[in-house]
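Quick one: structure below, then a few questions.
As written, the chain order gives the labels A, B, C and D, with residue 1 at the start of each chain.
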């Protein structure tokens, strides 16, 4: 059994990671930390874990705690203070924050507003999107788990950029459930504010923009100009991304379908369907993808994920599976709620 | 034109009151106060009022402001600091807080947790439910606008208690939209928390319990044991109250219908329908009422209101209309959104 | 008083039109027709109209009914059977269907799948978007009321095309409440299907696409390639359209704001705000518009309307006001629910 | 491996049963029938099962299909045509319809409107609520899986009736997600109709009323007068039941807690918590129960389940586990989504 610690377990990401780990056949959750909730039972903070997680939150990871794997569900800016010592102790790390996603310290500074304090490990971190970078993850000690929006947008469009089929401008119009905003109440997630609305936010300024660009430029051949508009929609879980691109040359639906099927032929969590659906992937690690042509060269690609699972804890466990030599689907065989 | 001030205008109640006043043919909104937002344009805080309210929030009502009527949208405990001076200046007051609703200072202390500091005016205040107490409102200087839950529950059941048709125990199972919880974000109204749930709260302890009891004991003949359970449901506006009573004697649906029609024959905002609907009353001052028998003497009465309108600002304007000798429907002829 | 008939009153559009007319100070609703509901009280089908509309549905408009104005809330394909005789009788007509929106019979055939049977009047019809075509509406006998999606998308972007500021490609990513799909239950609007999802539909194929293009090509100078993706979101009322364009030249936010303010300086229902909101316009005839730059020349314009009001019945009444020489705001001074 | 057939697999109950079975370590799904969808791939009708269920719908169970266990997800009135031949073939049956729940054919006729056509097996059927009737299920060939509402209401209140602690009148005010209404679109589940409302239906007339009564009279000592009011709330999955009873004698919270803990000490799917939550049980087989006193003897008990899982397919699998001698939790160790 892989001994697992979750650092920063009081929020949605931590709870979802615990949900994944506590039913995983090869993992054992041995510690969960929370500075603010130290000493409180995990199942008091997250009642749905009663009977599954019989731990109290630790203040911090103790010096002598014997774990093989740490999931960091800490906020941006905090993860980079945990990573160095964990790696030194030989613990493998999957970081669910944004701290190790952008390759360039300069870009981190630009979008996160602070200097990166662990550039050494930043250079070693692997961007943990298994459908694109499986082999690199195999030997990684530190995996930067992708953001929820980039997971959805990049999976939706990578086959096109990788095959050089589209022009270098991508518009991503993303609609996210409110759990993506985290556990802390704010005006934008106040139910009366958002329940009867669709709310665009951080238009043209969201820090997932460079992450999408970096991933697509890595798999593709040239620069990608990404316009990214996130919206909050009144659902709890799930993201639908509608992606607009221009084909270099006219293609038909069938040929595009083959491009996707071929690109994802070894990826068990990708479903290329007619119209992707959120309920179909809810609670699961799946990503559904569909597309339509709007005129000869205008292409609309849509994709759905559960932002907390495939867009967070599920993908983190998928990465950990790969890091530990397990089948990447281990513990993740949940088909989605469906309705 | 009646010159109107709204004291405490930054929340939902204040905004809804402004919405009612700014389209009222006999009222003019001359000032709106907010301690925290003093100096800010009202239409910046409440963008939907742009073009309707061209004021900035005042810190407080100035000594020389010339108003005829004040709506207090201040929190419980704050209203009683405003009322004495307003009344002294000859300004009529409709208080939307709970400060003047319970007749007994002792009961106020028990349920609101503080001593009442204006017992003199408490004794003069009229409970502003026009369908029950129209005549008293006519000559009132100070009206205590009913709570949203009591408005719905009391209108649903008063005809039965007034006619001595039911036993003295009333169970009110109320389902409220989240706007009733106010403008401040909290855990219970955080979208991810409440959007896929129905959340009972303050079960057996909500301060609207004694208000319901007092109103029904006033119109009826004996004591009423009220069990009141409020629930948050994932809608923004509206309350449905399902009320359970035991008939003293078997009655049929038709006779009950006549009781209601007769009781409310002078009440323009009551619709006795088959099944009350929330969308039908949304944005309006209407209350829909329906009922069903469940066995010979078990009676289920359901009613809907918009908690912010009939359960707040609309009823407040209805009260003010009566206080100023206008038709009680003036400025309130909005039929509900319907869908 | 203008005597008004509503043809086809059993659906949401008919009900919303009745809601507008029954509170309009210069209009009187004298007849409402519905083939399927003939003989039934309007307030039985639409309970929220009880006390406002005391009519029964007529089977059809009678030969001798004396009306000045007809709103056609009939389905696409049916309106063109009503229009000729109405116009012959001197009745002014606002058609809320799509029958008279596209100038070219050929294009109508392409997108609606049937031949146009009233080309004579099609040539006389005026496209009823008052913010763009006010003067033509003044003298029109027949107004084609715009579709809900085109209303939102065209108002959002017309100032840019009219001033030649953007390239000729427009991407409209629209999110609509489910009331836009009409009163008939279908799988796509079945609550369990759509309540926890965001559902793109008719991608690249929606018939509002040529309507948006035609309006923008009319106000602008060249061809516009419109990519339009409608999505159902789990709200009832409201549309948010997120529109993506490329500026011909770099512009700053302030200059863009001036373009909008100037273009709409005579339009009382346009609010140019920071971020448009759906609740702010709910139940009202307003359109809120905001925009952000995403890089130097990538422009994102967002707009919100209530699809049933500004996107339907409200705009229809606004058009009728203009046709009858009234102030265009008459009967439409409702600020939106706000929350 | 237990070979499983699902009869009637096109609706939500069938899909949820397939979801449970396809991840069950001791079960193998070998056939799924649907008259209307015969020949179609199951994963086309239920896309979330792609990769999990690689079957096409059969028209009916073939004579020579070799299954050990049948789940009947057929409508009321249809199940009793399937059961006799299945039992004759030695196949164990869990019927998810209402056909075998009420002991008395007379009562079945009264509430379901048709005569029971399989009284012989009705007399042998066991009511499949494992928390109450575990031992009888052990040896059953035919289990009548409880209705969703009775599951929630009976689990919430059985400890009180079994211990003779409350008077013989029970009011159940239930709030259900719309998936309980099934896959067919209807007016009551049309999104614009129900999304901003709470809708009581079949008040005093719902056929789950006698089922609740029968179960409680079986575990208790006397007659129980059940008043049951179901409401649709705008969520997809989940039921909250608020149950009102009168204690025979004053009791405190702690003593009540002990009654529940003791009664359910062998029941792995019961969580007695402060306030039950729907998201906590979503997708899972858990039931959360909480309670509050409202005055000395007025008791309010609340419980939540996922109507499709514990209130349907999950409980069906739990019953099957017991019938086949497995641990009742096998394949059901999913903690709920939590958020």
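Keep this in mind: contacts are C-beta pairs under 8 Å (C-beta built on N, C-alpha and C of every residue); 3 or more make two chains touch, one makes a residue touch a chain.
Source: prediction; values computed, not measured.
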**Request:** Averaging each chain's C-alpha atoms to get its centre, pick out the one most distant from chain A.
**Result:** B
**Fill in**
Between A-C and C-D, more C-beta pairs in contact link A-C
**Item:** Distance from chain C to chain A - Cα centre to Cα centre, in angstrom
**Value:** 39
**Message:** I'd like to verify one number: the distance from the centre of chain B to the centre of chain C, where each centre is the average of its C-alpha atoms, in whole angstrom.
**Reply:** 35
**chain C-chain D separation of Cα centroids, rounded to whole Å** = 46
**Fill in**
Among all residues of chain D, those touching at least two other chains are 12, 179, 192, 195-196, 234-237, 277, 279, 282, 339
**Request:** Could you please specify the touching residues of chain D with respect to chain A in the complex?
**Result:** 12, 15-16, 19, 22-23, 46-52, 179, 196, 236-237, 268, 271, 273, 277, 279-284, 286, 288, 308, 333-339
**Message:** List the residues on chain C that touch chain A in their complex, please.
**Reply:** 171, 173, 175, 192-193, 195-201, 203-205, 225, 227-229, 231, 233-238, 240, 242, 244, 275, 277-279, 282, 292-295, 298, 300, 302, 339
**Request:** Write out the stretch or stretches of chain D touching chain C in their complex.
**Result:** 12, 177-179, 181, 183-187, 189-192, 194-196, 234-236
